[in-house]
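You will see two complexes here that share subunit A, one where it goes with subunit B and one where it goes with subunit C.
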Partner chain A sequence: MSSETLAQPLGGRIQWLRRPRGIARRSPTFAAGLIIILVYGFVALFAPVLTPFDAINAFPYHVLESPNGRFLLGTDGNGMDVLSRVMYGTRYAFGIAIPAVILMVAIGVPLGLIAGYKGGILDEVLLRILDVMRSFPAIILALAVVAATGQTLVNVVVVLGLVEAPIFARVVRAEVLALRSGGYVEAAVAAGNPVRRLLFVHIMPNAISGATAQIPLRMAWAVRASATLAFLGVGIQAPAPEWGAMIRQGAEFLISGQWWVALFPGVALVGIVLGFNLVGDGLHDLLDPKSKTASK
Partner chain B sequence: MSLLEVENLHTHFISRTLNDELRVAKGLNGVTFSLENGEIMGLVGETGAGKSLTAMSIMGLLSPPARIVDGSARFDGIELTNMKREELDQLRGNEITMIVQSPVSSLDPLKRIGRQLVRIQQVHQDISKAEAHQRAVEMLRTVGIPNPALRTRAWPHELSGGMAQRVLIAMALINSPRLVIADEPTTGLDVTVQAQILDLFLDLVRERGLSAIIITHDLGIVAHYCSKMAVMFAGRVVEQGPVRTVFKDARHPYTRALINSTPSRVARYGHVRSAGGAPPNLYDLPKGCHYRDRCEFSADICATIPPEVHLDSAHLASCHFSLNVPWAAEG
Partner chain C sequence: MVPLLFGIIFVTFMLVRIGGQDAVGMLAGPMADEAQIAEIRRSLGLDRPIIEQFVAYMGNLVQGDLGNSWQSHSTVAEEILSRLPASLELLILAILVGTTVGIPIGLYAAYNPNRLFDQITRFGSLVGFSIPTYWFALVASFVFFFVLRWAAAPMGRIGMDVFPPPEITGSYLVDALVTGRWDAALSAAHRLMLPVIVFAIIVSAPIIKQTRAIALEAMGSDYIRYARACGYGPGLVRRIAMRASLVPVVTFIGAEVATMLLAVSLIELIFAWGGLGQWGLNAILFGDFAAVQGYVLVLASFSAFVFLLVDLLVLVLEPRARLRQ
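Let's look at the complex of A and B:
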């Protein structure tokens, strides 16, 4: 290795410009997903500017109007503009998914690290507890807990986060087990690193590629789950512009032919879930070039 | 007081079989040796003799099912075997350091080597980042890495095996330890690089007056670099003493077999004197002398545990015949 070949990739700031194109070439899936999510994110950030009306501004004389020049996606049963409500809905989607996933990571990753590193009884007990949590269908568990604890936004977030944390714990634990014995981890122990440092500085960065690929997938799940809860009438309630709640309201009008009330929030929901899943699959491929299998 | 005193160290692997019976693999069965300040000791023996296990027991790197069941290891008079993790962390990487096998996989793949060299100083010393970095660059230069200031920004995967080993040596020496344990430091490197690395490493060790234990199965390395040697077999040190004495006057049949199986001896005597045979089953060691099943001189008395015979103040061998070796007549 000559010093030039070593110097070149180290010195170049240009790398950062080349990078996005490189990533897009290596994983078009990731790029496509990212673009979708960025569009949704843009809408969420600038909803007040972009929307023609306020999300809960009712026009009593324009109830259930089909899509037209003034109400591009029609109006719902309360005379609220569907387009504006769908656009504001992105705020609920991100507002629930992001904190819920942060919570999953904050609980799951440390548990996985400790369980994997310490092993023994502690590992066994933690895993059994996580198994018990996983043995309930997540949605039903979330449904029961939210219904029982009070139907606030915070509760929805906390419950979704808790219910899916075991996934992160398991993914991280599996990688820690592979790293724990031998190799640089042993060298790091021999160098006198305290356990805390060992876990978070040396093991964690090498053990979270699986968990990183899970993040967008869990985001997709969280959006879907919160919509499902709202659709079932638990959690966020109308007239809040939440897609699940809007679909639920619109479902009543499907029979009488007013399809637009339910369809457009549904399309928005499908779009964001698709975006997150594409990002997740792409990330999986990018982080693990050996495996070409797409996860769910 | 010696710098390192290992006494009667027993490390066993205790596990359960599928039908729930306890199963004990006796990895170390009473290892005893000591190391003075400034001494370089070669620890030799065949695969499975417990060389690395001895090092790991001293460093507190054992993880279940391995455990120290008896004996002691004292560093500078301080008992290591029952030390708390926190206290041990003060010692490891600071006073006692280790150079492990497989250099490339011993570096954290996600940290630049400069950062790793800086952090190992900061873990043990109150030192500013700039100063630590400065020392890291100097250390890399000392271990013969060209263009060290630039190389601190290299990732571990960008290094060749020899370079990675140099970096590991730099990491092992940067905190000025008193004892360095090198566990087969040159496995996987080609012979010219091996010689370079060992020359470099031992020059640095001698220059700084450190003590070192070199674990190897290459007697040539021991003869060339060490002042003292210990020969291990089935978890025991069967013979130890000054390198010259042991090579000239081996008093344990296993040592003799090892020495006679080196290529130069084979060339001289014209036939292969193999030290052959499989290592003994650690689950079911022979009673008495562990070497007896492979020993060409074994007799009935070998079923009893051989005494540790002090041939002179430094030369020890554990064989019933050490004082009166059966091969003396052969020359």
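Let's look at the complex of A and C:
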């Protein structure tokens, strides 16, 4: 395959990426997901203005009230407004997922580039790590590490980022392997480019479309994983308005029939994860012209 | 396989110990002073260098000694063996239900792309894909037990008023059926119903999604176009596409094993199942090192077993793989 045919689709992609209507037509899935995420993002940004109460403002005389006119989604065991807490929860979701995914990309992409291009020990180690990941739930690993190293927000972010970074490395590595012998790479080598420039300037732009499609999927994973950790009592602790921690609190009240404490944080969680997954699916369709999942 | 297991053991061994947080504080109780805690640490061997601890652990492991659980004071091997059947029962049933329902749905959706059924399936599987397992289990047990009273209480594997059947396999359902204890079988089946359905839905969502994608790709392939050009009827064409999709679908289900192992642990937790997953999660939260180690070992070995099974299955399903041998 010549370098020209490889470069062509990228130019085409960028053109229509600039046109929102074109995207919506090409992938309604992507558009729907994006709208969901934008709504969550809006709530996260303007939570103090949008919420009726503060997230940790307790009303001692209104403990466990069912949804009513004043507390639209009811109150929890501490007399805190569930709606306000669910809305503030978006800040934890983005606040954990965004830095965690940035970390995954920052580690995974260079790792994949180098492992794919150079092979050798690094590649071998990466493959072994991927073997482990295939056979072992990453959340259990994250759970063990966060439980052992202290339960701070920073720890949760770092652990989630480290645990899933190899996924980006795998995706990039696979593309680098396919590109390595391409004409334009050989030309770049012949022109005397140092390896660093070769990898990050010449190969990377053509090798990251798979990784790009992974970003929203990993965001979905990170939101879910951090909530799972909090649900198990590790990481973010109540009364912080984190969805997993809220579900954990609410689980106690299900037995006595107060369903609203556990239900609504979960609904919010499903919504944002669904949004990211829709974006991920859509992006996959948009970036991969061969894909048949696009509705055409 | 052995290097992989060794790597997993080594990594988890180091990871659970780096934090310096362990169960000793909890074991000693709130009244213990520094000297007593130090004494407990010494008796557990925690004062020695970490590499030395690891060598000692590995030495015991190759002799089949997984150490003792600090929570229960019985050996980890015993704990694992007594809990494994409960988890396997749940896992196997859910995977059976999830695949037997999921694969046909995915295939049917792919045969009729962009029709109403396909649209519903795509959205439904994506929602199922996005639901947190524990929350789904909680909501399901609230609706079907507390409100509707259809399901049994999410409290263990058999009714409290039913005497458990004599232990043969460890699965209450199987044991009760084998020994003819119909009351116990009924109670065990009743208890199994909701967790299995919840789990099967969680399991089937990615299977439906992937089966649809794989079959759709097969339907758009050149050999299907050729088959159509030859004048084969739609039934035969679909059969060819299905046969070609089977191998990637099986491989995908095998690759999902890690996800399923997490899901089974969470579901056990919600339904107080008393299986390996619930035990393992508690061990992690408690900092019960030997138990965590044992749990991790079982998860990794189970995955290895599933991968092997998938490889064998592919060998059966795929004539090309056999030729290559």
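The definition used in the following text is that the second predicted complex is superposed on the first by the 264 of 296 C-alpha atoms of A that agree within 3 Å, B and C clash if a C-alpha of one lies under 4 Å from a C-alpha of the other, contacts with A are read in each partner's own complex, and residues count from 1 in each chain.
Note that in this section a contact is a pair of C-beta atoms (placed from the backbone, for glycine too) under 8 Å apart; a residue touches a chain by one contact, two chains touch by 3 or more.
All figures in this text were calculated on a predicted structure; none of them were measured in a lab.
Novice: Please work out whether A:Arg197 is in contact with subunit B alone, subunit C alone, both, or neither, and reply first, second, both or neither.
Specialist: first
Novice: Considering only touches as defined above, state whether A:Met133 meets subunit B (first), subunit C (second), both or neither.
Specialist: Only subunit C is touched by A:Met133; subunit B is not.
Novice: Look at A:Asn277 in the shared chain and tell me whether it touches subunit B only, subunit C only, both, or neither; answer first, second, both or neither.
Specialist: Second partner only, subunit C.
Novice: Considering only touches as defined above, state whether A:Leu269 meets subunit B (first), subunit C (second), both or neither.
Specialist: second
Novice: Using the touch definition from the top, say if A:Pro205 reaches subunit B (first), subunit C (second), both or neither.
Specialist: Once the two structures are laid over each other on A, A:Pro205 reaches subunit B alone.
Novice: Please determine whether it is subunit B or subunit C that touches the greater number of subunit A residues.
Specialist: In the superposed model, C touches more residues of subunit A.
Novice: Who does A:Leu141 touch here: subunit B (first), subunit C (second), both, or neither?
Specialist: It touches subunit C, and subunit B stays clear.
Novice: Go through subunit A and flag every residue that touches subunit B in one model and subunit C in the other.
Specialist: The overlap between the subunit B and subunit C interfaces on subunit A is empty, containing no residue.
Novice: Residues of subunit A touching subunit B in their complex?
Specialist: That would be residues 1, 3, 6-7, 10, 119-120, 181-184, 186-195, 197, 201-202, 205-206 of subunit A.
Novice: Across the complex, what residues on subunit A touch subunit C?
Specialist: Residues 128, 131-141, 143-145, 147-150, 220, 224, 227-228, 231-234, 244, 247, 251, 254-255, 257, 259, 262-263, 266, 269-270, 273-274, 277-278, 281, 292-293, 295.
Novice: Under the stated contact criterion, what part of subunit C meets subunit A in this complex?
Specialist: The contact residues of subunit C facing subunit A are 3-4, 7-8, 11-12, 15-19, 21, 113-114, 126-127, 129-132, 134-136, 138-139, 141-142, 146, 213, 216-217, 220, 255, 257-259, 261-262, 265-266, 269-270, 280-281, 284-285, 287, 292, 296, 299-300, 303-304, 307.
Novice: Going by the contact rule set out above, which residues of subunit B touch subunit A in the complex?
Specialist: Answer in residue numbers: 59, 61, 63-64, 85-86, 88-94, 97-98, 100, 102, 105-110, 119-120, 123-124, 146-147, 150-151, 153-154, 158, 160, 168, 171.
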